[in-house]
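What follows is chain A paired twice: with chain B in the first complex and chain C in the second.
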Partner chain A sequence: MVQPSFSHPRSDPSSSTSSSPTAALDAFLDNQHQSYFEELYKSEAVCLCVLRSLPPVPRHIILHHLWSHQPLRTTEVKSFLQLDIQTSIQDVDEIMRPALNRKILHPMMLKKNKMLWPSNDAFKKGLRNALTGLGTSNSFGVPFDRDDDAEIPSQEVLVAYGEEAFEGILKYMVSSGLGIGFSVARPQAEVLELLHISGLMIDPTDATGQNPNLNKMTITSKGFQFLLEDRQTQLWEVLMYYLTAKEANSERSAEVLSMFFSLGCMQLGQDYSASKSFPHALSALNDLAQYGFIYRPSPDSNQFFPTHLATALCSGDAAATKSQDADEKRFLILETNYKIYAYTSNELEIAILNLFVDIRIRYPNLVVGKLDRKNVKSAMEKGISANQIISYLSSHAHPQMYNSPPPLLHPTIVDQLHLWDRERNRLKMEDTVMLEFFSKELFEDTETESKANAALQLSVPNQKFLFIEPQTKAAITDFVKERQNQLRSGF
Partner chain B sequence: MSSAYGDAYAVKMTSGVLVTCDSAAKQILLHLDSMRDGPYKFMIRDVDETHIMIKREYVEEIKELLQDELEKNTYIQDPNL
Partner chain C sequence: MAPPPPAPDLSSYPKTTPPSVLLVIIDIHPLSWSLLASPPPLPSVPDQPAIDKAHASPMTLPDFVTILMVFLNAHLASRWGNEVVVYGASAGRAKLLYPPPSNAVAGPSKPRPNTYLPFQLLDSRIEQGLKEMAAEEQDRLANGDVNSLNQPPAMVSALTKALCFINRINPHTSASAALVDPTAAPDPSAPSSTGPDRPETRILVINATPGENVSTSSSSLDPSQTNGEVDGNVQKASGGQMRGGYVGLMNCVFAAQKAKVPIDVLSLPPPSIDASPPIFLQQAAHLTEGIYWQWNGRGGLLQYLHALYLPPPSLRHHPFAVPPQDAVGFRAVCFCHHKTLDVGFVCSVCLSIFCEPRPVCLMCKTRFPIKSIPTLKSLASYIEPIPVPDTVPPPPIPKNSKSQNNENNKKDRNKSVVNGNSGGGRGEPIEID
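And then the complex of A and B:
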C-alpha cells in the first residue's frame, strides 16, 4: 500500500481554494452578469474595494492603465510583466482573469494572438473619482451633522461593542451544540432566521424545515465549520447569506452589496448620517446593526458609527485586519504529546476548543487539555474535518510556537489527525452492476466500450469481471447483446 | 449456438454495491462474512485485494460492524492513570 503524504496538506489543491477571506464574496460576484456590475460600479467605494480585492499583478496593471484613453493591449501587458513576446494569449488571459471576471476589462479579439481589453467605463470613472475625490454618489458616507459638544464613543468602545455583538451570535451557536449552558442572550429573531436559511443551524424537531422553532435550533455541521473560520471569512459569509436571502425575496441586492463596500471604506470612530449615506438601503443598514457592524446611540437615530467589523471588510490585506487582535488570537501551545495549553479566558474560544479537545484543567487565564481520539472523532462526526482543526490550531498558535524549528505543528500530530479522519471512512461504497464473462474477446470489447462511455468503475482482467455504473446498465446490455450476436455468427 | 461447454459468450449480470477499501479492512469484512450463515451472508463476490462486492441491504450494517471491530483494536488510555 502506498503511504499517503499527510504533512503537506497545502500541496493539495482542495484545501487552498477556501484560503481567501473573501471567498464567499468572490463566488457570489463570479456568478453575476454584466448589468449587475454596471450598477455596482456606480459607487466609487465599490470600485476602490474591488480594486483592492484583486491580486497584486492585475491590480498594478489596472492602476497603470487607469488614465489612458486607449484600450489595454496584450503586448503592453506582456512587456509590463517582462514576459516573452511569444507567450500564448491564454497565459496572459490567465493572469488577467480576476479583472476579467469582475468585468473591469472586456476581452476583445483583435487578430491572431493579439487582444484588446477595453476597460469598463463605469469602473474607470468610479475609480478615477475615488482617487481624486470627485463624484457625487456619497458612497464613502456622509458625516453626521452633530453638535460640537455631543459625546461620541471612542474607538475602543466601538470595537468592544462590535466584538460583543458578533461573538454573542457565535457563542449562541456553540452553546446550542454543546449544551454546556453559559448564559447567552438569544440573538434577535431576524439573525436566527438567517442562520436557519443559511443552513448553519436547524431545528431538529421540524421535519419539513419550513417552520423552525427559533428557540429550539441547534448547530449543524456546516455551522461547526463556520465557527472554525477566521473572523474575516465569517463576516463575508454572513453578509453573503444575507444578500442571497434578500435575492430569494426578489429584492434588489446591488444596492445592499454596494452598501457593504461603502461601510468597508468608512472610518472607525467617525459618525455618519444613515439617511444621507444610504437612502435606498436603510432597512438593510438596520439589519446589519444586529450583527454588530454598526453602532447606533439610539435605535431610531439617524446617526450611526461603523464598528471595526465593518471598516475592516475591504482592507484588501488580510494581515492588516488580523493584526488588530493578533495577540488575543494567538494563545495556543500544542506539544508533541498532544497536550494543549490555551492562554485565554475568552468563553467563545474555550467553547470552540471544547469541540475537539478534552479539557482537563481550567485556570482564570489558562486552559489545559489534550487532543485525544475520542474527542477528535466526536468532532469529526459533527462534520469538522482534520484540515479545519489543523488550520484552527496553526492560526491560533502562540508566538512561542514559532521559536521551535518549522513546521509549526509537529508532523506527528498533523498526521495523527489525518489518520483519525481517514479512519471514519475506510470503506468507499458505490452502487454497481457486475458483469462476468467467459469470453476474453467479449470482455475486452465491453471494457473498451464502457471506458469510452465513462461507465467503467473497475475491471479485473484475470477474472474477467467488469463493474459498471448502474445507470448505464441498459446501454451496456444492448452493446453486449449486439456483440454476442456478431461473435456467434462469426462461427 | 450451443456447445458442450454451454454458451461461450454468456454474460452474467449481478447488481450490488462495490466496496473499495484497504486490504486490512477487506480482511475484516471477509471475517465478518465468514461468521454469518445462509441469507445473512452479505458478500456477493470477493473481487481482488482491495475490492469486494456486497448486497445493497447490508451496507449500513457493515459500516457499523466495521467501526465496532476497529474500535476493539484501539488502545484507550485508562483515564485514572
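And then the complex of A and C:
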C-alpha cells in the first residue's frame, strides 16, 4: 500500500507566508491607498517599523539608497544584486514588490527596459529623521513629566499586568467553548463587542447576528484557531480587528495605526504622556488599556506605561517576546507514543491543551495527557486544523526536545495528525454535469476531448457516463453535437 | 540573438537573516586625526570628471563620529536584535566604548520624544566614552608622557578584545553546551528557517592612521628613533622588540578566519596623505572575506558606509554584490627588524620570517648549517621583486559601468600574483609577496 506523503508544515511555502506574525497587518497595509501611506509616514516610528517589516533584500536596497539624492534605477538594483543587465523589469519589480506595495518607491518608466523608482519623500524624510533623531512628530513618545521621587511600577509588574489582562480575554474565550468552569472575570463590554464583530465569538441564540446578547456568547471555530496562534499574531489580529471595526473613518485610522507603531517603539518601564504623545488618538489609547497594552495608574490620568504586549508589537520576529517568556512558553514534551508532558501551571495553556489532548494526570506543575483520535477529532470538529495543532506543538516544544535530532516532532505523530484530519474529509463535494452516451465512439471522442481541455472529472466507461466541469458544459455539448452530426453523416 | 537571461531565483533570496552583531573598532589616534582634519590638496583626476568635481573634504573626528552614529543607527534599524559594540583604539591602548559595563549608571534618564530610545542610548554612550578617552589622553600628556603619542593605535589590542567578545556571545557550541544553555542551540522553531538563529558577527575596522604604521608595532618604541617624527609616519625598525604588532595582528586575523568573522576595513587616509595602503589591514580583510575600501578624501562617507558596509555577511556575495577588492600586497614583516619585506627567509622549523639568513633562528633557536648561508644569499639575489600594484586604485564612481570591468581586472591581477609566486618560490628563500 502506498503511504500518503505529507509535506512537513515548515517546508510548505504557503504555511510559511501565513505564519508571519504580522500577517494581519500586512494584509491590511496591502489594501491601502497612497494617501493613507502619506499620512502614516509622517511618523518616524512608522517608517522605522515598516522598514523592518520588509524582507531583507528590499530592506537593504532601501537603506543602501537612503542617503542618495538620485532616484533608484533598475540598473543599479540589477548590478547590486548581480543580475544580468538584460533581466526583465518584471523580475526586478518582483524583488522590490514589498517596497512598492508599501509605497516606499514609486514606479516610473524611463525608457525601454529601464525604470526609475523615486522614493516616497515622506518615507525617506521620516526614515532619515528616525536615524538622526531630527524629527518633530514626537512619534517615539513624549515622556511623562513626573517628580523624580514618584513611585513607578517595575517592569515585572507591568508584564504581569499586561499578561493578566490579555490572558483574561483568552481564558474567557476558552471557557465559553469548553464549558469548564474556571472563574473568569467577563471582559468589558467593548472587548466583547469586538470579539463578536471579528467573528471570534458568536451568540448561538441570536440567529440574525444583529443584536447579540454579549453575556451568552460562545467561541467559534475561528476563535479556536485564534487561540492556537502565537502571542504576537494574536495581538496584531486583535489590533487589526479593532482598527477595521472602530475606525471606519480612514483619516483617523492612519493616526491610530501610527500609534500602534509608536507603542511598539517605546520602552518598557518608561512612562509617557498620553496627551502629548498621541493628541489625536486618545480614545483609541483608552480602548487599548482594556486589552492590557498599556497600564494607567488611574483611569483618567495622563500618564501611561506601555506593557510588554505593546513594546513587543514591532519586534518583527517575536524574538523579544520569546526572550521574555521563553521559559513559560516552552513546556511541552511529546513522545512518539503520543504522550504529552506539559510542564505548566498556566490555566490558559492547560485549557488550550484540553482542546485536543486527553488529559490524564494533573500535578501542580505538570500535566500528562495523550493525543488520541477522539480528542483530536473533536478539536477538528471545532475547526482546528492539523497544521495548527502541529505548529502549536512545535512552537511550545520544550528545550529538551531540541536535543534529539530533527525534525522536532516525530514524523509518526505529524503524519497521524494529518491522517486524522483527512478522515474527516473523505468526501469532497464538487459541482458537476453528467453526460450519458449511447454510442461508444461518441463517448470515447468526448472523453478525449474533455481530457484535452481539462474538463473531465470522472468517466465511467461501463455505463458510458462522463462527469465534466460545469463551466465547460456549453463547449462540450457543442462538441458533442458537432461530432454526432459527423458520425451520423459518416454512416 | 542572445537568449533572454534567466529570471532571478526569488526563492533563493533569504526570507530572514539572523540577528547581526557589528563590532566597530575606531582609530582615534590624535595625530592621525590632525592629519585628516587638514589634508593636503588632492591631485586632480582629469579622466574621471565625476570624481574630479568633488572637492577634498577635511574630516574631523566629531564630524566622522556623527556620521558613524547614523550608520550604527541604521545597522540597529535594519533588524530587531541587531547589536553594536564599539571599541576605541588610541595611541597604544584600546577601550570598550559601547555597550557600557553592566555596573555603569543607566543612560540618560529622559528619553527624547523624537529619537528611538536604543539609538539615543548608543549615541550618548559613544559620545561619553570618546570624551573619556580623550580626557585620558590629555592626562597622559599632562603627566609628561609625550612619547606615548608616538605609539601607533592599538589595533591589535582592540581586535583581540573584539574577538574575545565574539567568543563570549557566540561560543562554539557543542552538544554539551547546548544542554547547558538551550537558548544557544539552533532553534528550528524560530522564524528564520534559512539559518540558525545564532547571531552573525562581523568586525569593522576604521583606520585613520596612514601607512604601514598601523601594524608594525604595538609595543612602545625606542624614544631615540621616534622623537622627531610628529606626523605619525613611523616606519623605521623599532629595535629589539621581538613581538611586533604584526604577529599579533596576523594571529587575530587567523582567529577571525577560523571563526568565520569577516573583518571589514575602512581606511580613511586618502591617497594624498598615504600613498601606500595599510597592507596588513588589507590582508586582514582579504583573508577573512571582509570588505576593504580606502576613502578617496572627497566626502560622501555617509553614503559609502551605508552602501558598502551595511549588508550583513549572510546577504553578501549572494544576493548582493560586494565591491571588488583590488590587488592585495601579501608582504610580511620580518621578526628581527620589523621591516616590511618583499623577499624574506623563513625558519623551516617555526616559520618565523627574517630579512636576512641567520645561522640560528631567533625565535626557536634552531641551528642551521653555516655553510648554507652564502648559498641562500646568492640565490636570493637572483630573485626580482614581483611588480604588484601596491596602491589601490580609487573605486570608479559611475556605478553603471563598474561591475564587469573591475572584476575582470581583479581576476587578471590575481592571476599575475599567483604566477609570480609559483615562479619565484624555489628552494629555501621563500618569497613573500
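By definition in this document, the second predicted complex is superposed on the first by the 420 of 491 C-alpha atoms of A that agree within 3 Å, B and C clash if a C-alpha of one lies under 4 Å from a C-alpha of the other, contacts with A are read in each partner's own complex, and residues count from 1 in each chain.
Methods note: contacts are C-beta pairs under 8 Å (C-beta built on N, C-alpha and C of every residue); 3 or more make two chains touch, one makes a residue touch a chain.
As the structure is a computational prediction, the values presented were derived from the model and not from experiment.
Tell me the contact category for A:470 with respect to chain B and chain C: first, second, both or neither.
First partner only, chain B.
In the overlay, work out which of chain B or chain C sits against more residues of chain A.
The partner that reaches more residues of chain A in the superposed model: C.
So, does A:75 touch the first partner chain B, the second partner chain C, both, or neither?
Touch status of A:75: second partner only.
Give one of first, second, both or neither to describe whether A:63 is in contact with chain B, with chain C, with both, or with none.
second
Go through the superposed model and pick first if A:431 touches only chain B, second if only chain C, both, or neither.
Only chain B is touched by A:431; chain C is not.
Starting from the residues of chain A touching chain B, keep only those that also touch chain C in the other complex, and list them.
none
In their shared complex, at which residues does chain A touch chain B?
1, 372-374, 423, 426-439, 442, 457-458, 460, 463, 465, 467, 470, 473, 477, 480, 484, 487-488, 491
Would you pull the chain A residues touching chain C in the complex into a rising list?
Touching chain C: residues 10, 16, 19-21, 44-45, 48, 51-52, 55-57, 59-60, 63-64, 66-68, 75-76, 79-84, 86-88, 91-92, 94-95, 127, 129-143, 265-267, 270, 276-277, 314-320, 322-323, 326, 394-395, 397, 399-400, 402-403, 406-408 of chain A.
Mind pulling up the chain C residues that touch chain A in the complex?
Within the complex, chain C touches chain A at residues 2, 4-8, 10, 13-17, 19, 70, 73-74, 77-81, 110-117, 119-120, 123, 175, 178-179, 182-183, 185-193, 197, 302-303, 306-307, 310-311, 315, 318-321, 399-400, 402-403.
For chain B, which residues are in contact with chain A within the complex?
Answer in residue numbers: 1, 7-23, 25, 44-45, 47-48, 51, 53, 56, 59, 62-63, 66, 70, 74, 76-77.
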